[in-house]
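Okay, got some structures for you below.
Look for subunit A in each of the two complexes below; its partner is subunit B in the first and subunit C in the second.
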Partner chain A sequence: MTTELEPRTFRVTRQDLVAYAEASGDHNPIHQDEQVARSVGLPGVIAHGMYTMALAARFVEEHAGPGRVVGFGAKFVKPVVVPVEGTEVVVSGVQEERDGVATVTLSVTCDGVDVLRGCKATLRD
Partner chain B sequence: MPVDQSLVGRSFPPTGAVEVTADRVRAFAEATGSSYAGGPAPATYPIVLAFEAMNAFLEAEQVDLFRIVHGEQRFAYERPIVPGDVLTTTLSVTSLRQIGGADIIGTSSEITDASGALVCTGTATLVHRAGE
Partner chain C sequence: MTEGPAGTARPVDQRHERIMAEAERIEALGEASESVAPYEVNQATIGTWLDAMGYDNERFRQGEAPPSMAQVWTMPGLGRRRPPEDPLSRMTEFLTDEGYTAVLGTNCEQSYERYVRVGELLRVTSALDSVAGPKRTAMGEGYFVTSRNTWYVDHPDGRSEKVATMLFRVLKFVPRERP
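Then we have the complex of A and B:
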């Protein structure tokens, strides 16, 4: 059985990245400081890859319920650039059940471009 | 300076045991616009533990955090993390290759509970852009 999950749009601001740095312990300055980000060849302040992945996880768990994910992974193929005015990340997903195992294949985009690739969650019953 | 090839296969000392509290899980959930009312932590919460181990590894190898971007992340969960868990993380370097002046570092972080049982394995690919 295949179910399309309703897409969701998440707003991301630099303030969110500060809160996430505090909560996760990841204080890499490329997520806060424009100058540092540019000095290592990035286009500007970028979201933590794990911030974007947390949004994808939130999408899955708000749909499936907490504590059901047994496997979760993604490749970070494009940075989510967060300008001063903020940006938006759009998450959509398709849930498939086969042989009693449910998987959610996610599409995560920013400005219409995929930022995660191979983003997939496996769920337990 | 490129990362030393002899790192592959090496395990780093486990992090100190960290107790998971509802407050910390709530702060993590709220930082991504979610809420938390107790029970299993969000699926990406193990990164808090894995990140601490990664930071210790980078410091030990004198690699600057600001030169690192995350290439890939996977989690395999034995069970969800819940408040009250006392967790320890052991990181090992599983692969290392150089592409276009960047080091691509593969790591695996095993998160175990107070009884020693495996809770979650996080595997990460870190991209390190060495300075001039």
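Then we have the complex of A and C:
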């Protein structure tokens, strides 16, 4: 059985990144400081990859109910650049049940471009 | 020739052999380093994380930790450093010294045996899973370094219970010259 999950748009601001740095303990300045980010060849301040992944995991939990995710993986293909005015990350997914195992294949984009690929959650009943 | 950190020149022609030999050495060490979380899983940290994510969920407000937080409990915070024998750090530092100075996270795969609860103390081990390269990528030439973290809860009876694992891959690369 295949179910399409209703897509969701998450607004991401610099303030969210500051809060996430505090909450996660990941204080890498490329997630805060424009100058530092540019000095290492990035187009600007970028979101933590784990933050973007956590948004996608949350999307799955909100659809499937918490406590069901047993595996989660993704490839970071493009950084989520967060300008001063903020940006939007769009998450959509397709849930498939096969042999009693449910998997959700996710699409995670920013400005219409994939930021995660091969993003997949495995669920238990 | 590339300049080493102390200005010592290392011959480039044997660079790949040196890198793969070091990778093999570190991989053979297995779960070579470990660190114990500074604090038990606690509701305040979970709450801060949920607020930062703009996420609310009764279950996570009442003692269970979101699985995406696994890393948070054992993250080396400000002023704390990873153990010196940490396999990922050792490998990435070796690559830095060989000229692959830049780093970018490329893949992350987590699996959860169960969700941890407030009051539990986590311990994480770190191992080098694999090194592959050199590869030409959009960012520049580099090596993919995959590490494996395993989180445990140690019980009073001496049993170590694995609660989560994570494979994390980074690309260590030579940044392209910018025009």
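Please note the rule applied: the second predicted complex is superposed on the first by the 125 of 125 C-alpha atoms of A that agree within 3 Å, B and C clash if a C-alpha of one lies under 4 Å from a C-alpha of the other, contacts with A are read in each partner's own complex, and residues count from 1 in each chain.
We take it that a contact is a pair of C-beta atoms (placed from the backbone, for glycine too) under 8 Å apart; a residue touches a chain by one contact, two chains touch by 3 or more.
Because the structure is predicted, anything quoted here is derived from the model rather than measured.
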### Query
With both structures lined up on subunit A, is it a clash or a fit for subunit B and subunit C?
clash
### Message
Quick check for you: in the superposed arrangement, does A:Ala19 touch first (subunit B), second (subunit C), both or neither?
### Response
both
#### Entry: First (subunit B), second (subunit C), both or neither touched by A:Pro29
first
### Message
Just to be sure I read the superposition right, which of the two partners does A:Gly73 touch: subunit B = first, subunit C = second, or both, or neither?
### Response
both
### Message
Just checking: does A:Gly41 make contact with subunit B only, subunit C only, both, or neither of them? Give me first, second, both or neither.
### Response
both
### Summary
The chain contacting more residues of subunit A, comparing subunit B with subunit C, is B
### Message
Quick check for you: in the superposed arrangement, does A:Phe59 touch first (subunit B), second (subunit C), both or neither?
### Response
neither
### Query
Do any residues of subunit A touch both subunit B and subunit C, and if so, which are they?
10, 16, 19-20, 22-27, 40-41, 49-51, 53-55, 57-58, 61, 66-67, 69-76
#### Entry: Residue numbers on subunit A that touch subunit B, as the complex places them
10-11, 16, 19-20, 22-30, 36, 39-42, 46, 48-51, 53-55, 57-58, 60-62, 66-67, 69-76, 79, 121
### Query
Across the complex, what residues on subunit C touch subunit A?
45, 48-49, 51-55, 57, 59-60, 64, 66-69, 71-72, 75-78, 102, 104-113, 115, 139, 167, 175-176, 178
### Residue numbers on subunit B that touch subunit A, as the complex places them
24, 27-28, 30-34, 39-40, 42-44, 47-48, 51-52, 55, 65-77, 80, 125, 129
### subunit C-touching residues of subunit A, taken from the complex the two chains share
10, 16, 19-20, 22-27, 40-41, 49-51, 53-55, 57-58, 61, 66-67, 69-76, 122
